[in-house]
Amino acid sequence: MLNAQVEPYQRLRENLSQRDRSLREKVMTLEEAASFVQDGMKVGIGGSTMSRTPMAMIWELVRQRRKNLSCSRAITSTDGDILFGSGVSDHIITSWFAQGILWGLSKVMRRHVEQGLARYEEWSHMAVGMRFRAGGMGVPFLPIRSMLGSDVMDQRPEAKQIDCPFTGEKLLLVPALNPDVALIHVQRCDAYGNAQIDGLQFMDIDLALAANRVILTTERIVSNDQIRRAPDQTKIPFFCVDAVVEVPYGSAPHECFGIYEPMLNHMEAYVAKVNSDPVEGMREYLERYFYEPKSWNEYLALIGMEEVLDASQKGRSIYND
Amino acid sequence: MTDTTRYTAAEILAILSARQLKDGQVVFAGVGTPLLAATLAQRLRCPGLTILFEGGVVGAFVEPGKLPPSTNDQRCTKRANMVLGSADVLLLLQRGYVDIGFMGGAQIDQFGNLNSSFIGDPAAPKTRLPGTGGGNDISSLTNMIVAMKHEKRRFVEKVDFITSPGFIRGGTSRAESGLPAGGMFRVITELAIFGFDEKTRRMKVLALNPGVSRENVQDNTGFDLVFDEQIAITEPPTEHELETLRSIDPERMFI
Amino acid sequence: MTDTTRYTAAEILAILSARQLKDGQVVFAGVGTPLLAATLAQRLRCPGLTILFEGGVVGAFVEPGKLPPSTNDQRCTKRANMVLGSADVLLLLQRGYVDIGFMGGAQIDQFGNLNSSFIGDPAAPKTRLPGTGGGNDISSLTNMIVAMKHEKRRFVEKVDFITSPGFIRGGTSRAESGLPAGGMFRVITELAIFGFDEKTRRMKVLALNPGVSRENVQDNTGFDLVFDEQIAITEPPTEHELETLRSIDPERMFI
Amino acid sequence: MLNAQVEPYQRLRENLSQRDRSLREKVMTLEEAASFVQDGMKVGIGGSTMSRTPMAMIWELVRQRRKNLSCSRAITSTDGDILFGSGVSDHIITSWFAQGILWGLSKVMRRHVEQGLARYEEWSHMAVGMRFRAGGMGVPFLPIRSMLGSDVMDQRPEAKQIDCPFTGEKLLLVPALNPDVALIHVQRCDAYGNAQIDGLQFMDIDLALAANRVILTTERIVSNDQIRRAPDQTKIPFFCVDAVVEVPYGSAPHECFGIYEPMLNHMEAYVAKVNSDPVEGMREYLERYFYEPKSWNEYLALIGMEEVLDASQKGRSIYND
C-alpha cells in the first residue's frame, strides 16, 4: 500500500525546479515574507524547545490570521501553544509538546488535543530528524532502529516496519517530510541567504534542505564577503532560501545561542496565565502581545528592557571563558 | 533509624542516581534529576564522565547555579567537547557509542516500560502528556537508568501506553520486537533501587533506601514486587553529597 | 572560411561550453574543461553563476592562474559561499538544487551514455579506466552538458560500459531504469554542438563549429548521426573570449 | 538473500561495547598506532584525492609490511598506487582511481587490476559516501537514486534495487560499510581525539563514526581547553578515536587545507617514474621514500625544503583575503 504523505520524486523535483535558485538579494519585511505561507500548508519550524524558535515569523503569521497550518518541529514549547491557541495550526508533528520541563503539562495543548480541536502527531525525536533528513536528501524514507515495539510506532501507520533485505533484522522506515515552507531563525546570514548558525544547530540544516521554501529570520545581515571568508561556517546555502528578514531578538522570549538566553520571567508569567485559563488567558495574551503591538520592537518593549538586557547578558556569557 | 529529615525525596533521588554512574562512562542524560545526578557524579567521583544531551551536546560540564531549563538550551553546551545536530547526537546512541541512558519517568510498569504520552485511551485520552522526546530513542538503543518518584499511580502493572520501551512484555519480547541492544538496567526512587530479573525481565527490588521497609515499597507499588534474595540497605546520603548537590542547584530548580 | 589557427581545440571546447551556461544557474562542474568553461562564463557574462564541485564546494570563484588540480583541492574553495561534505554536495543533486551537470567524457554513445570505467570486457578489461567519481551521480540526477574531444574511437554506437547514464537505450528507458529526472542536454566538441532527439533520445547535430562540415563530423563519429533540420553555424570564439580564457589558465594546465 | 558484507547489528554493538570510549589521553607514535591495523583488515581512508590523505600512517603501514588490507576511500590518488604497489592492499573500494586528473591513467592501478593482482571495486562517489554514512548511523543500508540503470550498478550485487514501499519508485539500497580501522588526518585535535577539520571535510565524519577503530594523525595537538572554547567546531568526538599521532606535514606530498597545497613537483616526478615502469619505478620509489628514511621528518627532507615551504606558502594563502 503506497503512502500519499510522501511526495513522489517527480513532484519534488518539479516543485524545486520552479523556484528561483539564482544568486540574488532577497531581503524583505516580516509582512512580505509571510506571503510564502498560505492557509493549509505544511510548515517546518526550526530550532528546538526554547531555542532559536522563529518566534517573530510565528508572531507575524498569527497577526495575519493564517489557518489550518500543519506544523512540524523537533520539540515544541510555547510556540506550539501559540499556534494552536491562535487557530493558526490544527496539526503539529513533533516529539514532545509542553511549555517546558519546568512547568509540567501545557493546558493549552491538553485542551486542544483532548477536546479534538487539534492533532498532536507524536514521533520519536530521532524519527522527526530522520524524516526531515530523508526530505533533505531527496529520498522517500530512512531506516531507524527506534520506535520498534512501542505504542508510539503503533500510532504511526505512516511508518513501515520491514525485515532488512541485507541482515533480516527488523527496521522501521520513516517517511520523508518535505514541508511547503520552513521558518528558521539564525544568528547571521547575508542578503542572499547564506546562513551561519552558532552552537546548537538542531535539525535546521536538514529542514532547510527538505522544505520547498525557506524563510530565514536573522539577528543580523552580514556582507557576502564576510560569508566567503569562512565558507566552512556556512550551514545553509543561499539557494535553499527564499526570504531573508533581519529581526533582532527574533526568538524572544525564547533563546538565541550566544546572543540571549530565554526570558524566563516573561515565560513564567505566560505559563501562569494560560495554564490557569487556557481559553481566556490565551486570548488575553495574544491580544496584548501579538495583535496590539504595531511592530516587533513594540512587542519587545512589552517584554521589557530589563528582561531583554538580562537575557542578553546571560546569552553572551557563554563566550566569557 | 536513619534521620530522613536531612534531605528531600528529590535530593536522595539525585544522590542515589549519581552513585549508579561510573567514571569514564558515556551517559545520555535527560534534563531535571538525570542532568543533576550526572553533574553531581562528575563533581564527586567521575571527572571523566561524558554527558550527552539530546539538544546536540557531547561532554558537557554544566556550571553550578546555571542549570539549563531544557536539554536544548545553550547552558547545556558549557565547556562541552562537541556540539552537533540533535538528530546526530541521537544517532550516536543507535551506533552504540553510549553506555547509559538516564531519564526521569512519569509512569512505569513491571517490565520497565515508560509512559509519557497518554493517560487513558490514546484515541480519546483523559490526559495528553508531553510525549517521548528522545525518550523512545534512548530507551530503545541503550542501557537505561530511570530516576522517578515512587507513587502507586506511577508504578503500574501495565502502562496505558508504551512510550519508551523497557522489556515490553518480558522474557525475550524486547529483542523480538527489533531491539536487540540495551534495556532497563536500574530504577531509582526515593524508596528503593530496582533491577530486572535476567529471565522474566520483571522489576525486582535490589536495595531499600534508609528507613524504608519492604512493606513501604510494596504499598506504594501497583503490582506485586519481586525482592532480591539479599536485599541491601542503601547508605544514606553523606553531608558531602548533599552539600555538593545543593551547590549545583542553589536555586532549587530541580531539588 | 574562418581562420581556425587562432585557437586550439581545447580552447574552442572551453569557449563553446561556456556559452551554454546562463547567469543565475547552479552548475555542478568537473575539473578540467568544465571548471575552466564555468569560470570563463562567470567572468564574461554570468557573475551570478553558482559553481558546485564534488569535493564539497558551493558557489566558488576560482582565481585566474590558480586553477585547482582536482575538484577536491583547497583552490576549489576560493571565495566560495559554502564548503560542506562531499557526500552532502552530491545529495544536493539528488534533492534537485542543481540546474546543470557539466563534465568531460572519455567515450560516449549515440544515447549519450558515458564510459570512464573499462575498455573491453569488465571481467578482463583491456584497459581499466579511472571510474565514475561523481560522474554517475551527476548524470543520473540532473541535466548534463558534456565537453569532450571528437574522435571516432570516443564517439561509438554503444559504449563498452555505462559508467554515467545518458538515455540508456533511448526512448523512455532512462526513466524506466529509475532515473525520472535529468538527462543528456548538450555535447560540445571541437567540431560541433549536439542535442538529443525528444523521442528517440538519439544524438543529433544542432550546430557546426566554424570551418567544420557535416562530413567532417560524420567521419569522426562511430555511428550514423542525425542532423537537425536547420543546422546552425556557431560563431567563432571572439578575441575577448580567447583573452579571458587564456588569462584564467595562463599556465595552460587545461588548454 | 542476505548479504554477509553487512555487519549484523548485534556484532556491531558488541564490537563497539568492547572499545574503551572513556575520556583519556591516547597520544602515541606512528609505530604504536599501526598496531591497530592487522593483516586482512578493512581500512577506511580519510580525505579525498590529493587532500588530507593520511599519508604518514600509510607510510608506516608500508614500512611495517602489512598485507591484504581491504581499503576504502572517497576518491583514490597516489595513495592507492602505494597501497597496491607495496603489497599492503589487494582490494580498494572507491569511486575513482588514478594519480590525478592532470596525469591520465595510473599505470600502477592498471597493472594490478588488468593482471588480476588486485581488485578495484567501483561505486559512485555518492554511494561510497552513503555506505560510510549508513555505517556511522548504525543502519544496514541507505537508499540512493543514482547508479540505477548503469553498468556500475550491474557490477555491484552487494547493492539491492527495490521498489519503494512508500512511492513505488525504483531505489538502490547501498550496504553499510563499517571499516575495522579508519585512518584520518586532521589540522588539529586534542590529546583525547576531539578533532577540528578546516575547509573540505569530505567523508571523514561519517567514516570516523562508522569505523570500529580510528587512528587520527594531526598537524598539531591542542589543549582540551581550546576545543571546549568552540565545541561547535569539533567534527569528530573523542570517543570515536583510539590513537592520536602528531605528524606535521602528515599528508605530504598531498595537501592539508589551509596549511599546505600538494607538492606538485614531487608528484610529477613520482608519476613519471611509476608510469614509465610500474614495477621497477614503484620499487625504487618505495625504497627511497618509504623504506630507507629513518623517520617521517627524513622523508620530508627527501621531498625537499624548497618544495615543502612553497606548498606551505600556497596552503596558507587561502586565508590571505
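Note that the chains take the letters A, B, C and D in the order they are written out, and that residue 1 is the start of every chain.
By definition in this document, contacts are C-beta pairs under 8 Å (C-beta built on N, C-alpha and C of every residue); 3 or more make two chains touch, one makes a residue touch a chain.
All figures in this text were calculated on a predicted structure; none of them were measured in a lab.
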item: Intersection of contact partners for subunit B and subunit C; value: A, D
item: Chains contacting each of subunit C and subunit D, listed by label; value: A
item: Farthest chain (mean CA position) relative to subunit C; value: B
item: Cα-centroid distance, subunit A relative to subunit C, in whole angstrom; value: 40
item: For subunit A paired with subunit D, centre-to-centre distance based on mean C-alpha positions, whole Å; value: 37
item: Length of the line joining the C-alpha centres of subunit A and subunit B, rounded to whole Å; value: 29
item: Sequence positions of subunit C contacting 2 or more other chains; value: 57, 77, 79, 83-84, 91, 94, 180
item: In subunit D, residues with contacts to at least two other chains; value: 9, 138-139, 144-145, 169, 171, 199-201, 228, 232, 321
item: Those chain pairs that satisfy the touch definition; value: A-B, A-C, A-D, B-D, C-D
item: Residues of subunit A touching subunit C in the complex; value: 9-10, 12-13, 16-17, 20-24, 136-139, 192, 194, 209, 224, 227-228, 231-232, 234, 237-240
item: Subunit A contact footprint on subunit B (complex, rising order); value: 31-32, 54-57, 69-79, 83-88, 90-91, 93-94, 117, 122, 125-137, 140-141, 161-165, 168, 173-174, 177-180, 253
item: Of subunit A, residues touching subunit B in the complex; value: 48-51, 74-75, 77, 94-98, 100-102, 105-106, 109-110, 113-114, 120, 122-130, 132-133, 144-152, 155, 161, 169-172, 199-203, 205-206, 255, 257-258, 261-262, 264, 315, 318, 321
item: Subunit A partner contacts - residues on subunit D that touch it in the complex; value: 2-3, 6, 8-9, 138-145, 160, 162, 164-169, 171, 173, 175-176, 198-201, 228-229, 232, 321
item: Subunit D-facing residues of subunit B, complex; value: 23-26, 48-50, 57-59, 77, 79-84, 91-92, 94-97, 99, 180-181
